[in-house]
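Shared between the two complexes below is chain A, which has chain B as its partner in the first and chain C in the second.
Moving on to the complex of A and B:
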């Protein structure tokens, strides 16, 4: 019988160790790798959700890809998705998150004013957090309620109509900013904490005002965190489905707010074209991949000091 | 003309930590002024108040004739060297040094000239193209000095700039900082807990403890005329010895009585103590290690010779520190002679009554 020591060696090194990661690999294979391959295969067939093509579908090569590249609604969805990501993730969440992180870090004045500031800071961060942690379905329902006719936002804006119908794109952008800002805020708060206090102080004594310090000290020092944030929120925003689905529906109010997840859903579920939807999903996957490669390159370039 | 004046400065960190307690100091133009004290004595806080990084709870700060109490650091025209150097990690050495000039929008060629000038003064020209993380501690330290000096500030503030360096480099940089300071004649406030550093560099020293300034004076004054037990015990290598004795009057002379020894002191000294305290009172006898003599033979001196037991001997090359047990106190004796004693052996010591200090144990203030 092998000793305990030998058993440990076997498990932690060599063949034994490799065997131990097999279950995890199998799960990833079944639930991640296989669907991707299956999706690629399906996109090259004429598989549909119902009807004869649901049972007897055929391999049609790249026909779906040719068709989608000639489809104006696909270009519409590309544009909407891009704008949605730029406005709600990069401009909205990242900028707002950075602003909030800077605000949370700012020194409070002494006395009563400081106490008020501190209370405001805590309140603000709690509110931002709540938006992040409540279930997506609840958030989606809440947003469709407050933006419908007679809802809070509609009333505040003085619009006697469903805001999500009149301004579907703007509504999902704002909703997504509201929901996702917490992550950027936390990430940037951590990045700012990582800059030692004395660096700020040195810059202050060296004569740098607030803007100069931000531009020449803080921004370069958190540039990596910014890129990491961009990568993550881009991926997540690109994959957002539930809230927009609940607010503007699969058609995105006649295409105006139809981001690609809605487009895929619409094609597969509303018009039963599963293979066509798979084609759209594959193309979007390539686009996200390309963006991430660009970001990662940028990180490598930044890391020089 | 740049003087720095602290006028009744108090700093309380909420809720109740009194870091600096009613300090008033006047630092002269071009002076190398050292704030000396143990850690937590408030010296760094005092420096930060001058820099503007902390706002005093009470009191005013003046630089030159200007009241700067309410001004942010960048408007005070001071430069600071941090204990941690605080170099900007994402900038090359050149840009680190140039930073204070670029902030002030100085023309590029002027910046270049100044940076190279200061770099050559500090001997770091070959480092200009490197990032801070590629430098050794000593090199980083020089870059920090260069950055502080490059714009010819009114006041130069240094917060234990040498404490992260190894012993040899520390001694070298000590001389170098002093040389540059004298050359540029910049009013300098230097914080340290190292009394050797303070003694060797300062024009004047302020000894601090528990948020208060105990004594201000030149290194010689601080060394020869300490006003309190604390100052006496903080200065000197090794610091002053303290022995609990009783002050009394015997026949026609005043004496300090230990358990196993007796020292006759001058009438003049005795009268002062008697006047201030009275006779048969407990006092603290202070004597510096270098002022205790080793008596090899009895010789002519009969008075003020005490017998002690050798505890341990520390040979240091040029000098020897002998630790002896006198009453229940370990007393350090410094001698330049190369002597060797066995631990446990008896040794005779001469205590020069002209060079002793007597302190009141209650107030810790010096009596004579």
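Moving on to the complex of A and C:
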């Protein structure tokens, strides 16, 4: 048996200290890596949430995959998820975030006018920031309330009904733009701050108009930020669950707004078909994985650049 | 003259845009605050005729057999445990990652980026299945462990970049003066990394505080629920919602997050900026 001294040596010096990484690896191994693998196994069984198939389930091979690829509701959720991600992340968050970042760095005039401009800028950016950090369930609740019958949005639209029932897809798209714009705003603000002031001044002296300056000076200089922003917000938006869950429920108002996370939840919890839900989750995970690989490639490319 | 008119038009255009944006982002938040102080709250957007704290007082009284304040206490306990586990394990791991080199280190860092970007639902579903057979459904320790693992890849990256920014030479100097290797880390580097450690603790606290999917899948007993899922009981049957109480609860539940983000704001912005200028 090794003496206490030797144990201490092993632990505190040299190679033994490397073992300090083990608690982290164990946690991730058991609760991240293993579940992902287990999900693959479950998708090849007929496991259900309740009933006899919850206790004694069987291996059924790729049956679930064959079934899901013939399931129209699966193609519906694929389409809804794709549209949700494009409208909410790229068209919504990225453009609004870039617009906000440009507005925030616009020059403030002298005197009172400048003070008002500054106050408006601070107010707007603080509200955008708060929308991003409050717990997701709170954001989901607030949106489901103001889009309910009698809420402000239904009043503005002149609808005597729940807006999230009449326009479920539009509601979750707008709500998610509201939720996530802050990230793009902060990222683009940082990127714009990285552009030296003299470049603008030189362009202005040379007589470049605002559009020309944006298109030929700002845009090329923040192209890295745009790339990183697009990929990250696409991955995040694609994986969104909580707010749509709170606003349109797991069925996504009869499938109209059923993004894939809702689809997986609905299959597993509402109709007890856990293995089918796992099958859908695995296919969707492959798509996320492809996006993550694009992201890794992109940051690898930027590093070399 | 024309120049002045143009300049004023520009300013007015900027103001209009900023006001529209502030309204879009502000309305749900303002409604939340107004309805929390409105004893007769409804989805309607209005200034309460009487402002009262009644909704907040009522949170001490049971909803579905559990006083809502208890869900906040549960959240505090769960998040404290998660933040502490996550901070310690990520500092230890980051120590190894920055002070030693071993085979597969690059691959490991890449793997953490992948783990950090996996949508939580992808993990929550199989974890629920596994917990059913491990007998860990409906347990606080089950939730705490899964939540820690979910947050760990994110905090580990922060810890790694923090420790990397502190030169190893300080530790080497201490070792020459007779300190052990780990001793020099504990006595020299750790105090220097204190602001980073605090940031990691706070960020993991609020991340776990806001987490919804995992407790939704794992915790079924109302008295064990954290605030994020306990909140569902304010939605009564047949779509009846207790707006006033729910808004009051939402505000109490959001306060710690707001406070933490105001304190770590600067660091957060630097972190996001770091994504573009590496």
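Note that in this section the second predicted complex is superposed on the first by the 275 of 305 C-alpha atoms of A that agree within 3 Å, B and C clash if a C-alpha of one lies under 4 Å from a C-alpha of the other, contacts with A are read in each partner's own complex, and residues count from 1 in each chain.
Heads up, the rule we're going with is that contacts are C-beta pairs under 8 Å (C-beta built on N, C-alpha and C of every residue); 3 or more make two chains touch, one makes a residue touch a chain.
Since we're looking at a predicted model, the values are computed, not measured.
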Overlay on chain A: chain C relative to chain B, clash or fit: fit
Partner touching more residues of chain A, whether chain B or chain C: C
Touching partner for A:91 - first (chain B), second (chain C), both, neither: neither
Which of chain B and chain C A:220 touches, first, second, both or neither: first
Touched partner set for A:208, first chain B, second chain C, both or neither: first
Which of chain B and chain C A:288 touches, first, second, both or neither: second
Partner chain(s) touched by A:196 [first = chain B, second = chain C, both, neither]: first
First, second, both or neither for A:21, with chain B first and chain C second: second
First, second, both or neither for A:110, with chain B first and chain C second: first
Minimum C-alpha spacing, chains overlaid - chain B and chain C, in Å: 7
Interface residues of chain A shared between complexes with chain B and chain C: none
Contact footprint of chain A on chain C as seen in their complex: 7, 11, 14-15, 17-19, 21-22, 24-29, 31-32, 35, 42-45, 85, 88-90, 92-93, 95-97, 99-100, 102, 110, 113-115, 117-123, 125-130, 145-146, 148-150, 152-153, 156, 180-183, 206, 209-210, 212-213, 227-229, 231, 241, 243, 246, 250, 253-254, 257-258, 261, 268-269, 272-273, 275-278
Complex contacts: residues of chain B adjacent to chain A: 14, 51-53, 55, 72-74, 78-80, 82, 84, 86-91, 99-100, 103-104, 131-133, 147, 151
Interface residues, chain A side, partner chain C - complex: 11-14, 17-18, 20-21, 23-25, 27-28, 30-32, 34-36, 38-39, 42, 47, 96, 99-100, 103, 106, 109, 113, 116-117, 120-121, 123-124, 127-131, 133-139, 141-143, 145-146, 148-152, 155, 178, 181, 183, 186-187, 190-191, 193-194, 222, 224-225, 228, 232, 235-236, 238-242, 261, 264-265, 268, 274, 277-278, 281, 284-285, 288-289, 292, 295-296, 299, 302-303
In the complex, chain A residues that touch chain B: 110, 196, 198-199, 201-209, 212, 216-217, 220-221, 304-305
